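Everything below concerns the one structure shown next.
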Amino acid sequence: MKKVIKNGIIVTATDTFEADVYIENETVVQIGENLNYQGAEIIDAKGCYLFPGGIDPHTHLDMPFGGTVTKDDFETGTRAAAFGGTTTIIDFCLTSKGKSLKSAVETWHEKSAGKAVIDYGFHLQIVEGSEQVLDELPKMVEEEGITSLKVFMAYKNQFQADDETLYKTLIAGKELGALVMVHAENGDVIDYLVKKAIKEGNTDPIYHALTRPPEAEAEATGRAATLTGLSESQLYVVHVSCAEAAKKIAEARNNGIDIWGETCPQYLVLDQSYLEKPDFEGAKYVWSPPLREKWNQEYLWNALKSGQLQTLGSDQCSFDFVGQKDLGKDDFSKIPNGGPIIEDRVSVLFSEGVKKGRISLNQFVDLTSTKAAKLFGLYPKKGTIAVGADADIVIFDPNVERVISAATHHLAVDYNAFEGMKVTGEPVSVLSRGNFVIKDKEFTGKAGDGQFIKRAKYGTTLKKDKTMI
Amino acid sequence: MKKVIKNGIIVTATDTFEADVYIENETVVQIGENLNYQGAEIIDAKGCYLFPGGIDPHTHLDMPFGGTVTKDDFETGTRAAAFGGTTTIIDFCLTSKGKSLKSAVETWHEKSAGKAVIDYGFHLQIVEGSEQVLDELPKMVEEEGITSLKVFMAYKNQFQADDETLYKTLIAGKELGALVMVHAENGDVIDYLVKKAIKEGNTDPIYHALTRPPEAEAEATGRAATLTGLSESQLYVVHVSCAEAAKKIAEARNNGIDIWGETCPQYLVLDQSYLEKPDFEGAKYVWSPPLREKWNQEYLWNALKSGQLQTLGSDQCSFDFVGQKDLGKDDFSKIPNGGPIIEDRVSVLFSEGVKKGRISLNQFVDLTSTKAAKLFGLYPKKGTIAVGADADIVIFDPNVERVISAATHHLAVDYNAFEGMKVTGEPVSVLSRGNFVIKDKEFTGKAGDGQFIKRAKYGTTLKKDKTMI
Amino acid sequence: MKKVIKNGIIVTATDTFEADVYIENETVVQIGENLNYQGAEIIDAKGCYLFPGGIDPHTHLDMPFGGTVTKDDFETGTRAAAFGGTTTIIDFCLTSKGKSLKSAVETWHEKSAGKAVIDYGFHLQIVEGSEQVLDELPKMVEEEGITSLKVFMAYKNQFQADDETLYKTLIAGKELGALVMVHAENGDVIDYLVKKAIKEGNTDPIYHALTRPPEAEAEATGRAATLTGLSESQLYVVHVSCAEAAKKIAEARNNGIDIWGETCPQYLVLDQSYLEKPDFEGAKYVWSPPLREKWNQEYLWNALKSGQLQTLGSDQCSFDFVGQKDLGKDDFSKIPNGGPIIEDRVSVLFSEGVKKGRISLNQFVDLTSTKAAKLFGLYPKKGTIAVGADADIVIFDPNVERVISAATHHLAVDYNAFEGMKVTGEPVSVLSRGNFVIKDKEFTGKAGDGQFIKRAKYGTTLKKDKTMI
Amino acid sequence: MKKVIKNGIIVTATDTFEADVYIENETVVQIGENLNYQGAEIIDAKGCYLFPGGIDPHTHLDMPFGGTVTKDDFETGTRAAAFGGTTTIIDFCLTSKGKSLKSAVETWHEKSAGKAVIDYGFHLQIVEGSEQVLDELPKMVEEEGITSLKVFMAYKNQFQADDETLYKTLIAGKELGALVMVHAENGDVIDYLVKKAIKEGNTDPIYHALTRPPEAEAEATGRAATLTGLSESQLYVVHVSCAEAAKKIAEARNNGIDIWGETCPQYLVLDQSYLEKPDFEGAKYVWSPPLREKWNQEYLWNALKSGQLQTLGSDQCSFDFVGQKDLGKDDFSKIPNGGPIIEDRVSVLFSEGVKKGRISLNQFVDLTSTKAAKLFGLYPKKGTIAVGADADIVIFDPNVERVISAATHHLAVDYNAFEGMKVTGEPVSVLSRGNFVIKDKEFTGKAGDGQFIKRAKYGTTLKKDKTMI
């Protein structure tokens, strides 16, 4: 199978140039002027950019939460991702106290195998630093290729781990070569504030935001950074929502701590006032951390530009407005947290970031793909358009204008968080390992075509044959 | 003229991959596996990296200073640069109060034309914000392609400009699309301290360092950053030498100011104690800002790693130890400032940075080449290995070990600042626009082969034919 | 002459207690319960506080500025001060380049002698660090008792001194024991912005504020702090107007620099929007630095509370709205800077600070009197109510409510900056060295009763007989 | 009973002046020149300062710890305190999970009643935020006069409370008017590091310091500050040992958080190297937080001077070197924490602080007495020399030189942490409520003379009759 993409403008995290791309089977083999190979399918990308396929390092598909399950699973979720220009996701594999990590991973393989239309990997939650968990961990990293570990500092009495667990996980991460990730909010404070609000009859969605103040996020972020420095380990802070938390990351980086920060499209373009929408519609905008006061957006954009924050995740976690979100009709704390972002992650950043001059085209590629590939052991097979890389390529028309809407999106969920938002730019076709998964805006992939990727350890790269070492 | 470089590992600011590079005349035309073109010269780069040619954004060749002139001129200087893996330099064109900018630029063209063996551009000093200067400036930027302007905040009664001049230059830079550069030290304070030291009989070289405290650099850096923010312009701080100044840059970047920082190899591996060498040898290590206390080195390395500082200049400015530096035998303030770094800039960063695990290979390329290309309007012709770029390529053996010495270096000056230092890695061959300027460690270039480059405006890129717009 | 003040509550910077105060001639001799001295005048202070007389460390009386002269002179100014509870002022003695310091001091003595109704001292402006000035300085400090020196970093081509002058003044201050004071704004930037605004036809009073951005104040404040640290001298920053500048002072103090900050009532209760008042009324609110955005007020209040800022000056500098301020009718830069604050300084801080719970009663005394006494060499004769101190005492009714108005104030100027503001608390009677200057809200003093005070050197105290050493 | 102290120099947190003090029974009644009262005992304080009696806000007397009990109890401890110029202590009343607060307080009354020779109060430990505890708390504050609550963030599985408990305590403190105090170290991290060290055979005393890094203290300090800001409550951080933690307090204060910091003499003059003393002698210097690297001392001194830290506690907690400290002979984690400081607290600060020019005399009084009185509801009866205050007065000879030694100290414990240290200045006589407890360096007090003080709520003052409201 041979393909030549002609007339496009290739964009990597560093370079922007016109050239043809020659693909053999799953792999980019040549990049140059006027490439012509007999028998190759010719794809005309005139007027389009060629981006490396997006990598979404933060998704929750088919995930149970608060007595329900996310509406989108590995099939609908990855299909929507592909429409949006994402060709790899890394999903969070949840674990429970007392149960083996192995069984959790198996559960996640069951959820995804035969369903995913694009490639995927797993992060592994660490809920307790017990001897059993620590004993099982090397196998997960080295044999299962799960080279990132997630710790929650919030969701008291549910996911929340204490500092001992976080510290032990950091030590393990350092020793095993796994990147530790945190949901950074002070769960104890939040738990108090939530209970108090409910008790006082403050049950509307806006209280979700008011009971999770930015200080609680900044504090936990700073604490996790301190523990990272003390353990000489490495840390990735998911879904940074506000200036105060971003500052803690910048400060730690300046002090030589190996720490990275992710934000999400929702924090860049939506704000706390959305939670005040009438008729319970605010529930659509319930994330943790919550949407913040609008002024934070400029700070976050600048943090992306100046390199304080390094990646963009979707935190995809979709629940129907009708039938799921309304579990919290009378009590905001029962609203399932999260929203549908996986499909629009790339487009929103392109339209609001590149088109509005807030970040460069190369930064856009780094943020949506390359940096995640490097941090999570997918590089150089993923995250770039270069000789030897997987042919995960997005042919992106930068000028088309469209309006985001649940009426036209490809997720299963019944609303879209960006409903009515005008964006410029859209993927036309998307290749996953050399095959069209989207062609001329039509889905041409197949459930099960996505492969699970055993990722390389932190600080190392995948081999040509995608083995870890 | 066709060449294929085979078996090398291409390294850009983002990517690292094995591929062949096909060059036609001056330009990279194709990158891929197993490239074979009839009639092409085959160059075997087995075991070597292919780096984009180094860009040294900070040189002083054939420059008058303190009654003498730098030992190295555009011929010896650029030849040494080429040996060291640098294929483009940007030199500082000095101006004087009351004289036209045009005449200064002409002088600099006379110094360089027919001499340079690699490509080069000029930065233009702004010594006063007079109407005459401001009137002449648009022509310099738009017609002469000199898209960066240098202001000195130190060297009182000589180069030093006041804040009015700096502010007007920033405004002009913003309007014209020129990047403003500063030598950031508080010249008033330094002038006082120098006179006081001399008066008190403290004339040894070490007093050069002691009369230029880090606070004076940090203060000026912060002041320049503030003026940049107020003018919404852009700033590049040359030769950042210490933690305090680097922090000011980080802080400004975090606040959304468009500011960039350069450091130099000497600040990364040498320290203030060198100025105390006996027999006046300390004079070899007289830079402004001065070498700092050793602990600053770790901070600077980390600033490179975390992205607080973005480029590496040499501040090449060589004076013979015998016959020039000794002008200051009895008065440190008469020691000509500067040293010979242009040749070893790339090697020192590779050996001390990449080999010792302080920065990644891609960061090394960004620091020595790519970022300077982008900031100074040389990209995409310079600063990367990509289809359409100038074939400025360094074939670099990462494993050879050698000792830096004046006995073997290629500069005209009589000493080397890194004398005796062991480094790992060395350029084997160097191509400038497709031609070998160094081949198997021999000089194969020619004086005059280097071209003056009219650079693109700040924030824009060079066209294919190297026109600015 | 003997007096006993009975039934009042004595308040010092530390203590609050009920006791009688016994005064012999000019001096407090005893404090205790039930003091009864034959022949003593009994003053009933029931329901009142007894505060040490206010010290206003920042006044401009009878000062020429922009072709006019302040409306209030040492007679009207000090009388109004006394009504407001201030019993000592320190006025700025202006100097000019090339003229002797001595002659400037003589001029100021002429302005004040025979006019002042309360005690006073002088700060001495240093406009250039010339040899002549530096030679004359010791005499000014040691013989004239002028132990504080003022440097302007703004007012380009008028008062503005360069960094060399500031640095030399700091060195002199350190050697002579004089506290250096700065007006901290970057005059070069402001000069540019003012000229640009005028040129663009932006001539209304609001442009006074818009052309003096907070960054310009913060930058200069930070710069002055750096120079203070480098010289190991001491600094007092006058009229801190905004959060950014206050932060610079806090940061420097945390780093061990001997720096102090003063704010003024206008920055605590008025804001930038006042400059937008119609019919040119904004001109009444033209100070340099300008009134700031309202949110700064909370920061400044907190800075007073937490000890980041230590004193409250009035920056009294009054010009009639009709006939003086209107010099700038068509050009904001010609509006004479300053306003009438000397009379209400104490009351506004009491009402807005103590009564509204922002600062404690003892902090109020420290801010309006004690700290200035200590910093400026007036303590222990001034700044406290203690045995041996001058009987400068304010009998203050904390509960009376009144409205500030030009109709009732005691200044000569034709408007009041706090017109219409309701305050709680007012001086009932005021003693200056044991004599009533205000009695039951009537003026009972006499022009010329105020004495010039030769102040003690920085870090030392006045002797019993008010000699310096 | 009448006394007149003549010829001394009275020093308060603000004032320094010569005057006589007239005392009737327990109370200061008059201050003035030449006081003469028939029948009064005349005390000549010529050449001496009169300080308000020291207040030590941080003692552990008769406290069980790690299977043993502090050597000094309320009798030996308070007697030694009196010798050192301290006339009031506040001791920590420990509680246990599941037990009533009332019973803990009763236990502490039993320990102290009939033993204390000076006045005293209690802080109350909150070990859990259970409903029972929160229900009982109002009574403790309002009826028992225990208006400060202590939470430990370290000592895992022993004293350590989680963030929920700390937050609930802060809320309670705000509602009840109690000042919350924290021991701020991250106990989880420390617990991990301690276990690891022991496991690796690192059992010497120095590992006590190495397993409690400054970052762990700074992190917990910052976290507690954040929780204080969120709850709009008030916080007092005990025993701040290092620059990093002091910075967190300064930062929080700058942001308007109502937070206070205490340091201890040991952190000002001893350092981490003491833990490396041979023959297990390092065990004498085991405090938590540990002694720090020497450079921190200068930062802490400056923090006292600039007002970042506000009080000086002793953290008195004495264990014999022989028989108690040696419980940790083979395992540093078993060394009882703490040392004997109560007696020398005042003298060390005077000698190292005032005499060496690091702080002023008035700051010394504020740090050793006044600020604690105000923060902990003892003012105005304690903490000052003023009319109406308790006659708790130290007659202090500022010039006598002596050497601190266990051979001469008045504690029961068998070593002194400052053994061999030369200090200048010593209390000659000490009055507690008008009675000599030390007279001419001899103990003249009596066990049981000390009274328990029901303290005023945070932000309020004690009434004349020492009732709270």
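We just call them A, B, C and D in the order they show up, numbering each chain from 1.
In this section, a residue touches a chain if its C-beta (ideal position, glycine included) is under 8 Å from a C-beta of that chain, and two chains touch if they have at least 3 such contacts.
Chain identities (UniProt): A, B, C, D = Dihydropyrimidinase.
Quick caveat: nothing in here was measured; it's all calculated off a predicted structure.
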item: Identity of the chain that, by mean CA position, is farthest from chain A (Dihydropyrimidinase); value: C
item: Chain A (Dihydropyrimidinase) and chain B (Dihydropyrimidinase): spacing of chain centres that average the CA atoms, whole Å; value: 38
item: Chain centre separation in whole Å, for chain C (Dihydropyrimidinase) relative to chain B (Dihydropyrimidinase) (CA means); value: 51
item: Rounded Å distance between chain A (Dihydropyrimidinase) and chain C (Dihydropyrimidinase), as computed from the means of their C-alpha atoms; value: 57
item: For chain B (Dihydropyrimidinase), residues contacting two or more additional chains; value: none
item: Every chain pair in contact, whichever chains are involved; value: A-B, A-D, B-C, C-D
item: Residues of chain B (Dihydropyrimidinase) defined as touching chain C (Dihydropyrimidinase) within the complex; value: 156, 162-164, 167-168, 171, 186, 188-189, 191-192, 213, 215-216, 218-219, 222-223, 226-227, 229-230
item: Chain C (Dihydropyrimidinase) residues touching chain D (Dihydropyrimidinase) - in the complex, by the definition given at the top; value: 10, 12-19, 22, 29-33, 35, 247, 250, 253-256, 298-299, 302-303, 305-308, 366, 370, 380, 384, 386-389, 461
